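Here chain A shows up in two complexes: once beside chain B, once beside chain C.
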Partner chain A sequence: MGFGRYVTARVLWAGVVSLVITTITFLLLSAAPNPDVQQATTQAALQGGDPAAAAERARELRGLDEPLYVRYFDFIQGVYTLDWGWSSSRSQPVLEAVVGALYYTAQYSIPWTILTVILGPLVGVYSAANMYSWRDHAATGFAFFGYAIPNFFFGIILLLIFGVWLEVIPVVYNTDVAVFSVENVVQLAIPVFVLVTGSIGALMRVSRNESAEFQNSDFMKTAKAKGVSPLRAYAYHVMRPTLVPVSTTLVGQLLALFLGSSLLVEVVFGIPGLGRLTFEALLSQDTNLVLGTTLFFTFVAVVGNLIEDLVFTVLDPRISYDDR
Partner chain B sequence: MPSDQLLEVEDLTTTFGTDDGTLTAVDGVDFDVDTGETVCIVGESGSGKTVATESITRIIKTPPGEIEGTVRYKGRDLLAMPESELRDIRGNEIAHIFQNPQEAMNHCYTVGWQITEALQIHQDVSDEEARAKAVDLMDRVGIANASARFDDYPHEFSGGQKQRVMIAMALVGDPDLLIADEPTTALDVTVQAQILRLLDELQEEFDMGVLFVTHDLGVVAEIADRIVVMYAGKVMERGGVLDIFDHPAHPYTQQLLECLPEFGGTTVGGIPGTLPDPHDPPDGCRFAPRCEYAEGACRAGEQPEEIEVSPGQRVSCVHYRPGMDPSVVRNDNFEPVGGDGAADGEGGVSRADD
Partner chain C sequence: MATESPEQFDQVDWNDLSRSGRFDLSINSIGMLVTALPLALLGVYDWRFVGDRTATFEFVGLDRTLETVDFLFIFTLLLAFWYLVLPLYQNPRRTRYYWKEFKRNRPAVVSLGWLGIVFVGGIVGPLVMNAPQQELLIAYQPPVFTSVVDTTPATCVGEVINGRCHGTWQHPLGTTNAGRDVFTMIVYGMTISMQIAFITTTIVATVGITFGTLSAYAGGWVDEIMMRFTDIILSFPTFLMFLLILYIYGAGLGMFIVVFSLFAWGGTARYVRSKSLSISEEEFIKSSRISGASTYQVIRGHVVPNVASSIITQLTLLIPGFLLYEAQLAFLGIGDSTVPSWGQLIAAGRSDLSFAPWIVLAPGIVLFLTILAFNFLGDALLDALNPEAEAENA
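Let's turn to the complex of A and B:
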């Protein structure tokens, strides 16, 4: 099987995975009591009406009296045609709310991802090249510190220092500034820094340990015997093989932080992004919106893993596309 | 020594700083290689052969390694040279082939990329020219369908093919000196013979000096012009291949040959004892603790000075000092230099002029 067919197969498989996840989500939701119906029932009972009839009306109104498979196909069709329903808490379509929040999430996620991808392996390989020197110890200490300290806590401390005491950044994220402006860079610097410290640690450790192995390898000796300069040897002969194991760590690390920590960081810094949207949707029991953000995170995870698989095979030529 | 020699190594000493103190891997070794000749460094594992050859172009990591002495290549001292200048010589004028072809190539790049890298970092050659030259060399070292295999990765080659690729990589810069460190040890016997033959042909074709490291005396017999026998970081004996095989002077050389059944050896199970501790080598001759002829004089002072026992053959053994009786260490089949009797045929190699 060639590379093209492998890619096609992986993409199709990613589609199947997302379908499975959507199906499970649908089944869970249809098994759970619908808050809108419950609300209608409660209201009818309070106003002296017939709760059962009110519930029936509410179900009819939302098409819940249809057979399960009809609702399933409706739901799936909605998911894939980007008709994700109406958010009652925000009084706007779910997709619109998600896209609006994504606009803010992307503003710190993109620089955060880029910095992590570049700095993690670079610092790790540098650390390995200067193993047991004070630079290595400093980088290692930094890695463990960033990995160990909870992001939201670190965020609160930095917000206290830079937002409250030094007043360099606004305490609550200011949505009025332009995306590409100095003010925006300044106010996003701290959340990006916090997230980078969280994500870079594991990458630095993995790349340090992997490259330590490669820098003592026979092929590095070959490279030296060929007359390759140390810089070129590290860039080509150490960094490249190191990226293979690093790439498998990278996506998992970023996704875990994207789903978990970014939510907390957004709440701390008051960024109206996806994390806070999810958080508020949960609080206000806005089922459609929770579903929408969950689906979005699911697709990010599926696409992220797809990219990881593809990058992995591109980076390491020994991995074959056969039999998969 | 004339300074127009290709490679002259004088008093080469390589030490490593370890947690247990200083380890002396190579201790004041001299040898030289001339254009067109093959010099073999022979000795058992751990005797410092590899470290000695990797010290020549300083590909040993320093620190923990420390290299002292003089290595003159075409009259220029490589050990006194700045690293950047030495890099121009590595892979370009002096090329290396290593023991384990399985690990010697980077698994992330095509063999073509790796061969042309060796050329393009030294010479301003276009990609097309570099490719043409690499394909040509791959073809020359016996890779079938070379232009298609240029874009294959190392894992798609067998062990013997990888060593052929490594040879092509070494030769791409037209080196004058090829240092081959046990290039056939990791290969099976039939492939070994092919690689040796290939190296032999290429040496003539490229008119190179070859410094060949091996513990396999069978290989030495096939390719060497001259032999340097090393033990525990010191040279025990040196000489032409026929002299060494025909009348080995040093007890260590004799015992090495005794281990080879194909050369009439009868010792089964090797030489008793082990190499001395490189942190704290014994006084006197390094081989004395394992030598059956050792006496008081062998265990005192420094390694004995080298004494010429026949033209070009020199041995570091106290029994050859004036006033000593060399017949103590000579085998039964020993014929003194200039003696009229030929070797009794026990050695697999006989002197051409006998």
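Let's turn to the complex of A and C:
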């Protein structure tokens, strides 16, 4: 299988996966009682009307009386044409709400990702180069600390120390400040720090262990014997082969954090991003918005895995396409 | 088969060692059956004959009830005892070797000690300590050796010196805003954490090993379909799906455990598959095949045991994730509020953080230490069980 065909097959597969997940979501939703219908029934019963008729009317209004497959195709069509419906709790189209929230999520996600990607392998390789020194132990300790401390707990503690006791950072996130301003940097510093400590640990460990293998390899000895400077030797001969296995950990790590912890961090720091949007939609029983945010995160996960696989094959020519 | 004195090959009575049929049970399986049967009967009895609000042990006059999760937990404990602890005792030589390897990693030994405390506390604690009661009068007691301004607690249990209320040994970690003892709540939280750890690990290991070996041995298009299915499981955003399920149906601790473990075995299955593929190429598999072993015997006797020991590391590293998710859900206020988990305690203390930080700090630090311990343990097990990886990880 050539590279082109591999990419095509992989992209098609990503499409299939997203379709499967969307279908499962649809089945979950259609098997459950619709909160809107329940609401209409309750309202009718309270006002002395006929609950059954009200439920029937509400179902008709939302097209729930159609057969399952018709609703399914409508649903799939809506999802893939980005027609995600109307959010009743926010009184705006779901897509608009998602894009608006993404603006805030991106403000901390981008610095966080960049810092993790740059610092993780660097510290890992550095710690491998100084293996068993106090620097290595310090880095390892930091990695385990960041990996083990629950992000939301760490966030609360830092917010308590810097926000409440020292009053260095604002306790409540301020949406009015400009994106590229000192205030914004100050208020996003702690969330970014929390997320970086959470994601950098695994990356540091993997790059440390992987690069330890290349330290004593023949090509490293040759390079040293030829008088290549240590910086160049590490940058060219150790870093590059290390990055291949690291890249697979990286995407998985970042995605897991993005999908799980960013929600918590947004709730803790009061950032009105995607995570909080999902959370608030859940609390206010806004089905369309719950669905929209869930599907958005799902697509991010699918695309992330796709990119990971593609990057992996580009980076490492030894991988044959047939094995994957 | 404890082999204290080295046996001589020609003196081995092969009739003793060979198993006549596939239903010839080992002592471990017999023990498992004997202990699991009463549990199953009790479960059926609880499910069919005991009313929803009646305690399970009403018939012997005990006011204790067992939930579905408790039954599963006891079952996994039995599994762990008969198939993990007992084999270690049966093979003292191998156990000593593992322990020697393991002992070299000091943080891991400390971690094992900590996890032992959490385990014993989780099992014994609820039996000897009463569930924390709400007592508004003694709300916000500070932990022992610390003090707060005496206006914070409603009444101070300890002594008041210079207008500051000092903590007492009666409430070593202080009390919450409802006057519940934090230490007791943490002990009760240990049970929840251990339940999550044991049940999820069992489910993930069972599904992962079965799926992986089947896929490796079936080969061809069955393998292809099974692995693509694993891909879907792997790219499933479990946390969000759980939120969705929670939103639609509502979910308790049992549902949490089931959903998260049913979507976590993807990595294990992949690993087991590649491992069993490489094991089935080994010489000893070929020789047992030549000796007439059936595929079932090869898988049951050689492939699964070899694979199982190497996925222990992976399973150990999965547990902290589950504990973290549970705490996160509890913190968001959408977890199972009927169980006294650490996350619930953190969530409960959050609004009082600025003047009563111990309510959040104590369970948070315990959670942190437990996650840390599982990570250290996984690292050390990797070295102890898999000497090849040592070069990389030492």
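The rule we apply is simple: the second predicted complex is superposed on the first by the 318 of 324 C-alpha atoms of A that agree within 3 Å, B and C clash if a C-alpha of one lies under 4 Å from a C-alpha of the other, contacts with A are read in each partner's own complex, and residues count from 1 in each chain.
Methods note: a contact is a pair of C-beta atoms (placed from the backbone, for glycine too) under 8 Å apart; a residue touches a chain by one contact, two chains touch by 3 or more.
Please read all numbers here as calculations on a predicted model, not as lab measurements.
K.L.:
Will chain C clash with chain B on chain A after the two structures are superposed, or do they fit?
P.N.:
They fit side by side.
K.L.:
In the overlaid three-chain picture, which partner chain does A:Leu28 touch, first (chain B) or second (chain C), both, or neither?
P.N.:
Only chain C; A:Leu28 stays clear of chain B.
K.L.:
Looking at A:Asn209, would you say it contacts chain B, chain C, both, or neither? Reply first, second, both or neither.
P.N.:
second
K.L.:
In the overlay of the two complexes, what angle sits at the CA centre of chain A between those of chain B and chain C, given in steps of 10 degrees?
P.N.:
After fitting both complexes on chain A, the angle is 80 degrees.
K.L.:
Go through the superposed model and pick first if A:Arg232 touches only chain B, second if only chain C, both, or neither.
P.N.:
A:Arg232 contacts chain B only, not chain C.
K.L.:
One more residue to check, A:Ala223. First (chain B), second (chain C), both or neither?
P.N.:
first
K.L.:
Scan A:Gly15 for contacts with chain B and chain C and give back first, second, both or neither.
P.N.:
neither
K.L.:
State whether chain B or chain C is in contact with more residues of chain A in the superposed arrangement.
P.N.:
C
K.L.:
Kindly classify A:Pro241 by the partners it touches after superposition: chain B alone (first), chain C alone (second), both, or neither?
P.N.:
First partner only.
K.L.:
For the superposed arrangement, tell me the lowest C-alpha distance between chain B and chain C in Å.
P.N.:
15
K.L.:
Which residues, counting only chain B, touch chain A once they are in their complex?
P.N.:
Those in contact with chain A are residues 54, 57, 59, 87-92, 95-96, 98, 100, 103-110, 117-118, 121-122, 153, 155, 166, 169.
K.L.:
Which part of chain A faces chain C closely enough to touch in the complex?
P.N.:
13, 17, 20-21, 24-25, 28-29, 31-32, 144-145, 147-150, 152-153, 156-157, 160, 164, 209-210, 212-213, 259-261, 263-264, 267, 278-279, 282, 285, 290, 294, 297-298, 301-302, 305
K.L.:
Can you list the chain A residues touching chain B in their complex?
P.N.:
It is residues 217-219, 221-229, 232, 236-237, 240-241, 244, 315-318 of chain A that touch chain B.
K.L.:
Please give the residue numbers of chain C that touch chain A in the complex, ascending.
P.N.:
Against chain A, the touching part of chain C is residues 228, 231-232, 234-237, 239-241, 243-249, 320, 324-325, 327-328, 331-332, 334, 346, 350, 353-354, 357, 360-361, 364, 367-368, 371-372, 375-376, 391-393.
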